[in-house]
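First chain A sits with chain B, and in the next complex the same chain sits with chain C.
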Partner chain A sequence: MQTTIGNIGKPSNAACGRCGHNASREINSDRLLAWILQRASARTSHRFEQIDPAVRIAVLIKQVPNPDALAAVMRVDERACRIELPPGHPLVASPFDEQALEAALRLRDQRGAEVKISAITLGPDSAKAVLKQALALGADDAVHIQDAALSEPDSHTSAHALAAAVRKLGGVDLVLTGRQAADRDAGVVALGVAEILQLPAVTFACAIEAAAGALRVDRVLPDGIETVEVALPALVTVSNELGAVRKPNLRETMRAARKPIALWSAADLALAPAQLVAKAMRTGLFVPRKTAQCEVIEGATPAERGAALARRLHAAGLI
Partner chain B sequence: MSARDAILIVLEAEGDMLPAAACELVSLALRLKAENSGEVGALLLHEGAPATLEALAARGVDAIFHAAASALGETPPEARLASIQAACAQFNPAIVLLAHDVLGAELGPRLAFRLEAGAVTDCIDVAMTAGLVRCTRPCYGGLAREVIEYAQLPVVATVRSGVCEPAAAAAHAAPRIQALGPIDPAAARVRVVKRERESVEGVRLEDARVIVAGGRGLDGAEGFALLRALAAELGAAVGASRVPCDLGWCPHSWQIGLTGKTVTPELYIAVGISGAGHHMAGCGNAKTIVAINADPDAAIFRDARFGVVGDYRDIVPALTQQVRRLKQDSGAKP
Partner chain C sequence: MPKREIEGDWVMGWPDRKRATLAAGKDAEGRVISGRTPVLDQEGLITPTDNYYIVTQLDLPEPVHPDDWSLSIGGEVERTLTLTLEDLRKLPGRSVRAVTECAGNDEGFFDYERRGAPKPSRRYVPDLDRRASMKAKRATPTHDELAGEMGNTCAMSGGEFTGVPLAAVLERAGLKPDGQWIWLKGFDTGRPDPAVQYRSMGRADVKIDDPGMIHYDKALPLAKALDPDTLLAWAQNGEWMLHVHGAPVRCIVPGWSGNWWVKWLSHIEVTREMPPCYHQTKYFVYGAAPEDPVKPMLTAMGVRCIITFPVDEDGPLERGSHAIRGLAWSGLGGIARVEVSVDGGATWHDAHIEEPRERWLWVRWSHLWHAEQPGSYRIMARATDVAGRVQPQTPWNYQRKHFDGIVPSDIVVV
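Right after this comes the complex of A and B.
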């Protein structure tokens, strides 16, 4: 296993945290101070099999039907209020969540092996695939939340389950996830997790870096970029402007097979009955009807058609 | 204390103007009131300009709460939550409505979890009958619409811009007005370090009556030069679908769609845009869509009122030139 640094400000706590004695440790802002102190201090290596890293990131990942291939194949069952997909339609990690994982990996590129990354998903058996993918990309371990009581989660139950998993992991400094899941497009769960864990949240991130005393995040706004600072622990949602994500390499893929995936139930997460009851009920699902009849502008050449379009728009009083 | 179907809207006004998005929320809240019986309250977050309060009072709400900040643009979203919670505690709303913008998308869900309320975002319709709240919203990248029901109140909903006509000013009974404490940016655990605003040449996308937008079919950044020339003739703003933004052909702030801006122009000219759901989510409410695309089977033609098939490199300059001629012929504006 990797070796990492012992002297991070709270050595008695940090050196062998994963060995069990502080497994119940809550999210802890001292971790940031530790991170900063560590950069300045002389580095001492410890050789434990399992070593507490300096910064722990949890990435929340949702499995969704491949959104890029949806338009051609998706059918809506209006009576059952659900979509129908042809057998074998690929299920993938929501692209925004892939970018959240990429942001975590880039932080580790900056900081080195002291950053430990855990991937968390909530979903059926198939959802394990997004965790395997995250492990192959470089996540260190993974948590699969699965429970019959959570088979049709809404944003309320999802947020409570994911927040409980982050809490159970212990010592998480940074929660990263996509700006919204690419199926429901709601963008609620991440902020719910932040509220439940009482974390500050930064939304729509396009760049994240560790800065002195804080995390520095660039956010995408409608009229430009805003740079904010937030102390850890915190939650950040990542937008597509983060840019391209890396591909798994052979070495990491081989290593991934040996990385642990924990399977946690609602009972493991000690979720209260009220946290398992959805607030929202989907009572309708339909495809909007398109009424516009397209009038195709004719003409011998593209240029003639362009000029004809101008005359048609003018005649219609549109220009 | 209000009736159990009271509606609270949360509005933000930078400077001394009440934005159209705020007036749209007022109009939705007034409709909900007409269909039910509760009062409409508005929480106005402003920068101290009395004109915004007067403009809101002229829209027919029953109660106004207001809280001032010195610079809302530099105030992290979280700093507003205390004021919103204070207004909720006093007004006890069944539904809280916010605009679905960068701010509302964060505040709405946060507030909902604080109030143990339902959280629903990007609604294109909100209705209430007999204590049941029914929200309609796009999902699956704009390919479908879902109806979400809440039997348990309150519900916090964010509403997409352009789905209601903004409420106009009129003579109304004066609302009750209550000032809340000022908004303290230091209450947020996030600190704004700097803000780089992209300067907009000409018309802002959100305000434009005409938009010319380019997509993957432009095949490169150069195509936008042709679009800009057309836009200049039309007095239009230039936008884009997601791919050109991701590929760096144009600034990200030009993006229209599910993860970009929502626009509602009179005329939307889509050039080299296939018409994928996530783009149409941002422009589907345009009054008239014109599609220019080399692929006659492109999905955009199903949304378009007028279509031209062919290479945009030939079509757009000819269109631009003809627009210029028509302008000259009519002697004035197009």
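Right after this comes the complex of A and C.
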């Protein structure tokens, strides 16, 4: 894997229009880069041109509550550590995962029909809707992982289930998914999948290109773009800077109705009992209570009050 | 030229065309409080209920259970009445199909026609969420915001309303000879938002009368109230009236702009003189300027005709035949003629008016255009109603109400 870093273009720091996430937050690029390099050196790789007959991309998509909805319509059940949605609240594909699918479709735009795209989701009956959407956008087939044992998965069980599905598909050269799900924002499932499958992972992609025998990925950094070349197979998480996603057209939507959706259970995926046990348990969920304290800055003159205010702000670490 | 793709979606589990949806503004709790109809994407004559436009002057009230609702009728009547919904439904009912149109619909086209302002588009409705947020804060739009506004549009829909004629209710109460005005009062309350009037005028340097907290009310002249098509309606498009559209009972006043269609009706009072309803005397009025001492109240709409295809955004078009389509309606009921011009008004051709041609509902019209030569075309359409009125009828007024001008489509043929 080769890496070049440069301020090719400063990424937008604007919040994602759909979910409000800031693209550039929480990126520890140096540590991540070192990890990527370490992982990549340990892998046997191959390149796009060497794949025959087709490149197979698996896109992991999660169904989430519509992030465009106002937070006020949701209720937090602190005792049950749950977010309660109002009846009929729309569920949609996580917008970052939509962009992962868009990245896959753009790769196919570059490479043509030799790129096969499989959409995979884990969730209840309703989650099939995100697969149908993916098929309408151009995915070739889809996998729905559904099992009572996976009804409330944590990151650990999700990663194992999704990794097992990718493995069962067989011959997957590239796994794409959103940089995080737009509901919980943990952003760890994708890396868990990479770990389980022993794949190099490249995160926060804003552009992915198959060129010169490798996959070239532009990564979003706080102050620029990092370009990474990675051999396949690999996993890439996609950020919202990828840009606008396409809309399904009627012809493809009708065609999608004839595309297969496989239903796989935990047994189909040969998941071991230990892989179905959540490793992390949510023990608290609450909306922070906002408290306001008013402090009167004393001083005989405006200048004294101003100086006292400056000292107070400095002491508080605000200036 | 590549063929335009039809957008797809999953509807009831089937692959289908993507439905056009209401452009909605929501309050802090995610409830829809305003909406605009995707009129260019509608087929037929009846606007689906969930695409029906929504304009409210005051705050939306909390819903009232239909069994807890009643309507009182008093004032200049022989018998004061209190009627439940079931009482109303025992009276001889009636269904009326009619266009509902906001008085300020297409206000921005006034400035386009009169002042050379940029042409508004029915493809781009205002940011209603932002307006809802401003309303909650009673924020005043800045000069720049007002200058950048393209005006209210797509506040027009066609529906079927089922209820009982207002006249039947008044007959049951017994009108006294001196009763001339039918004062309709809703149970919604609120303090009128001055920003609404600023946007309507396109300026914010005018003092707006603040009546404080009021109920929404309007007073119908007796003759219009007794028109058999003026209804107290509990159903719309074959289903119970939605709360957001005025349930349990909304007044339907065909031909008159939407502000007359009082929602969440709770009281009717018959009066000798026109009562000082705030919106009837201060906002829904004509007048040349805010200072104009004569400000007649709005009543019947003018005569209107819009082109739904092609609009500017539909161009460029390929050479060949294209069906120019649109809708036409009149505040006095009935469209007699629609004419189309493809040369900027130099010559006019009669359009085909499609059946059915109902009195209060809009009609669909079409004209087959053979565009054989590449070039720029200005397509125009104008309607004549059964009263002989040709658009435009309504002169410019300072609140830009009841626009009924001719809006061209500028289309390039390649």
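Just so it is clear, the second predicted complex is superposed on the first by the 237 of 319 C-alpha atoms of A that agree within 3 Å, B and C clash if a C-alpha of one lies under 4 Å from a C-alpha of the other, contacts with A are read in each partner's own complex, and residues count from 1 in each chain.
One rule holds for everything that comes next: a contact is a pair of C-beta atoms (placed from the backbone, for glycine too) under 8 Å apart; a residue touches a chain by one contact, two chains touch by 3 or more.
Fair warning: this is a prediction, and the values are worked out from it, not measured in the lab.
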In the superposition, chain B vs chain C on chain A residues touched: B
Partner chain in contact with A:69 - chain B first, chain C second, else both or neither: second
Contacts of A:261 with chain B and chain C, given as first, second, both or neither: neither
Contacts of A:251 with chain B and chain C, given as first, second, both or neither: second
Which of chain B and chain C A:136 touches, first, second, both or neither: second
First, second, both or neither for A:113, with chain B first and chain C second: neither
Chain C-contacting residues of chain A that also contact chain B: 70
Residue numbers on chain A that touch chain B, as the complex places them: 67, 70-71, 74, 76, 81, 83, 155-156, 159, 179, 182-188, 191-192, 194-196, 200-204, 206, 214, 216, 219-231, 234, 239-241, 243, 279-288, 290, 292-297, 301-307, 309-314, 316, 318-319
Of chain A, residues touching chain C in the complex: 69-70, 72-73, 129, 132-133, 136, 247-254, 256-257
Parts of chain C lying in touch with chain A, wherever the complex brings them together: 5-10, 14-18, 26, 28-30
Chain A contact footprint on chain B (complex, rising order): 76-78, 101-102, 105-106, 109-110, 112-114, 117-122, 134, 136-152, 188-198, 200, 206, 210, 234, 242, 245-246, 252-253, 258-259, 261, 266-267, 276-278, 284, 288-292, 299, 301-311, 314-319, 321-323, 326, 334
